[in-house]
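Same chain, two partners: subunit A is paired with subunit B first, then with subunit C.
On to the complex of A and B.
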């Protein structure tokens, strides 16, 4: 009964973003960086905590952006990688007594391996089928973490409590502020690495696959390798974000990493602009603050308010924050001319 | 052996729920080429409307017909108001729109009818069907209605002008426009029909899972899985997929030790992924050939 679809010329699901358009200009980056360094000195502890979460979710959105915006693969399973990273950090800190900073690279490597392996069967799937496969991973993860076999390590349904680190070398700052600057350094390092990755040979291979898989393989790009590699890199960064998240929240529990988190990260990517890395932080701000704003407008209808706000954003700027940035850039160019 | 047969029968009974939902999922996928994440919530809202009508004294079948008509109109209205303006936006933006719609409907239904669980009547009665304890007359009626809808859809797409026009619009929009088909309205019609089928699914499912704003959450996941398993291009495949997922789920719960209710869903999903890796277009779907 289905429609006849013997021949389909398919347009790519993710539009092509030239690699130079994926980053911010030099001057703008410095302004944003300065703001991120100075603001915490002026605000209360709770806001510093929220800004830490902003950076952490920003990293997770960035990871998804590399996968979807970079290599054109779709994932609803990011919450699973986030969970693995969070649990790795928490278990290493609480059971092995390891230093929190050292647990992050380990979380990243474990998640990289996990993502790389998951990318293998996912190779045969694309579009909705890949979405379903990653979705399955996301729904399975909280259940796996609750399993009795791992309870000694994971703490089962109860989860694990993580101690918050103090500032080292006797620096005169609170735990929250230290953690914020620590997260900021990690975030910047990963951001720069990601930008360089996308500008490298591997990045070009990702984008070639995104734009036209068959053409890419004809040019000699090892499609299978780079697709799984994109999964691995994305999972690795998400894992580091998860580890940082566990330290910031001081708690890991299976129900913190459900499919809702994966959907939030996805929304963050769309709002920030698919394929535009600096947009990740805008998207992250959207998923952290807008639910709170919606709750503030109406308690009973917070879901509806959130939905309406989301619709407003995608109606006004279907391409997310990237579109705003482009419009602003054009305005500035015009002003300079006059 | 008797246990096995009984579990298959019970699986078919739960599978009927998924088959209903999967049919609605495939319908919208045919029209717009995306999975609509808000589908379950739309069905839930329709079910609440029928419940409200019955509270006001409308008899069951009257409420049934009115609800289907309301859902059809509401589906078209949603497409015209919210998704037509997004037609040119990127695919992922559309998906974000579905998530927004999901949040809105869920929250509004919660506000109007609150989150307490409500009983929902069945027109078929709930006595054992043909003397079997595992399948009730309601579940048998539900299977009957699902198969009836499938048959109607088959005739609609096969033998009516509108059905043919919808298929044309879905497969080659450009060419369809050239022969005078209003492709934009075909999409709206697809939304309307998907909403109507979803409302029937909701009214059939509600007596089993009880009526409340989050009732469709689990059902929709299984419905998606069933539709993908059967092949998104085939309504028949979707219904079969629904029954298969129901049977899978029951057998896994019975025969694999240590699998409680918690692990049923992950294992069912894992099995589906294994099937997809072997047969990427689904069991009954048609492989799409790409032109380079």
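On to the complex of A and C.
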């Protein structure tokens, strides 16, 4: 066996996470939910906007988490699915005059199909090779969006401006706050669906593939189907996040969906804890707020400061937010005993 | 107690008197969010990181300029508080930063935010909020649209008007030209190309024999030049950023291809393009300009250039003086200072736009002699004049009149 094969086949790329450990406890969930509902009533519109982006990126990280933490496949191409979702929503809203809420399921379905199809050739690849293939997708996407053939629809390099929806039924609520609660509802729905997916038969199949492909197929799991399915689900959720992102930012342009976004999402997943779904929101907070903190520390060296912070996180808590949560849980348990 | 009564009367008389004398000036002083008796808050968004980080020096120079203004007593006695954020040239981040500036930092206006995609992303928001998006740092044509976007104003001559000037020159001096165009595959390149075709009019299809696009991520554009040479074109329009411009000039010489070479002014810097490409290879290239190239020896004794050097010596000594962006930032900062001064004590957003749209033949340090800033209620393109120039020896030789090519958005 060559050294390369060793890397690919022997060392498990993703550490096995038991499915119980993938979610939060009941009480904690309620506290987090209450915080997410109440905070926007007390803060400025700008913070509400940031929280909306937090949920949106959280969704995208969650999608990657299902793919990597669930089925053990890597992807550096999430920005491509995000872009497809964003453009689908934007084009349907601006060219077809469709209601924003209806564009999201369509964005999700189109991205699901796109991800499922991309999953077909990706089946032959695993580990670093799959990461590279998806990387290629992410690099190609901004250029494809610029192509002259689609320019009428995509607005080419100039991008598309999206109209922000008002609160319906005359609710006494600003656009930002409405969009936040709308995003929150979508996020919770997708979160619950994802948790259930991972607890279902399909979820068990994903995890079996993650832990040992050969054993999984011996148990009768259709490896090819479930691998592509994982890709499809992940892409679909990312597409919905992209659509929401387009509505929140009110603008889509190729420059918004470069490889940097894909890497940010990947980073968010690692920081949040691979395979731990609630960590997605922590990871998302990391990729939104830490660059701002880094910029506050040093404008000229913001990239370097960000690198140092990231290094510290990976060095001190290699399993990300999940590790922190476990430590906290143990502390609480100790206190209770005393 | 007459004494006290007298005292009271005196006090009340004084109060009345004070009110009478003070009230007119109270009436004159008007502020919107972001301005006060002591301070004017200016927001700015720059790509300090990411693919366009080379432009970050614009934000740094502007910061230095306003430090100088503050050290000299501020504008009408008010200090400038210049808040500049990084958006890494990604539109979603630009939106976040713009909202932070407007809603959290509460700036009076956003000044000279950089890049076409980032500015497009916040244009609608800024106009909804009625916060000036003043003197944006992009050459796209769409910023001159006061009807649709009365709170957005451009600054530099736009790409389309520049290439129209070249097209007119070609039609006049080389009507049977066979033209090859090389352009960067983004908004900037396509805007230039569009202006060029518009300028050639009906003859565009027959005159342009080859169009070739390159991606900004390509390491070299040599193969594109080889392909363009093979078409037998005798005019070459070079729409490239500095690194690629230098490569193209060099490659032309290597291939012994000597068409009439037009170079967009984005890459007309002597220090960063002509010198690395080799002066011998660059002879006869035609370009255009509106500001002084700091590396051009002919401006050494110009008073604007001397002022620029003094400013950099004191407030930004580590600046790279061969970088045209430093000069650009210096000029646009003067523009903002002028507008704020003209606002006087009426620092409302409305008045800022009104004053910005009322610049008449304003001359600023660093602009070419004869190039002036002009705006009106229907013209939101402050700089729209350029002068053609030809490279000779080690410097640009300007020729012809100051040309104007106003194009609406």
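A few points about this structure:
Everything that follows uses one rule, which is that the second predicted complex is superposed on the first by the 329 of 338 C-alpha atoms of A that agree within 3 Å, B and C clash if a C-alpha of one lies under 4 Å from a C-alpha of the other, contacts with A are read in each partner's own complex, and residues count from 1 in each chain.
The working rule: a residue touches a chain if its C-beta (ideal position, glycine included) is under 8 Å from a C-beta of that chain, and two chains touch if they have at least 3 such contacts.
Here the structure is a predicted model, which is why all the values come from computation and not from measurement.
In the superposed three-chain model, the partner touching more residues of subunit A is B, compared with the other of subunit B and subunit C. Of the two partner chains placed around the shared chain by superposition, neither subunit B nor subunit C is touched by A:219. Using the contact criterion defined above for the overlaid structures, shared-chain residue A:251 touches subunit C, although it does not reach subunit B. When the shared chain is aligned, subunit B comes close enough to touch A:136, but subunit C does not.
With both structures placed on the common chain, the touch criterion links A:158 to subunit C but leaves subunit B unconnected.
In the overlay built on the shared chain, the residue A:125 is in contact with subunit B alone; subunit C does not reach it. With both structures placed on the common chain, the touch criterion links A:319 to subunit B but leaves subunit C unconnected. Contact with subunit C, but none with subunit B, is seen for A:45 once the two complexes are overlaid on the shared chain.
In the superposition on chain A, contact of A:327 is made with neither subunit B nor subunit C.
In the superposition on chain A, A:146 contacts both subunit B and subunit C.
Comparing the two complexes, residues 143, 146, 300, 302-303 of subunit A contact subunit B in one case and subunit C in the other.
Residues 1-10, 13-15, 68, 74, 121, 124-125, 128-129, 131-133, 135-136, 139-140, 143-144, 146-147, 214, 263, 266-267, 269-271, 274, 300-308, 310-311, 314-315, 318-320 of subunit A are the ones that touch subunit B when the two sit in their complex. Interface of subunit B with subunit A (complex): residues 30, 34-35, 82, 85-86, 88-93, 95-97, 99-104, 106-108, 110-111, 153-154, 157-158, 167-168, 170-171, 221, 224-225, 228, 232-236, 262-263, 265-266, 269-270, 272-273, 276-277, 280, 285-286, 288-292. Partner subunit A is touched in their complex by these residues of subunit C: 48-50, 84-86, 88-92, 95-96, 99-100, 102-104, 116-118, 120-125, 142, 185-187, 190, 215. Subunit A contributes residues 44-47, 49-50, 53, 143, 146, 156-159, 161, 245, 249-256, 258, 260-261, 288, 291, 295, 299-300, 302-303 to its touches with subunit C in the complex.
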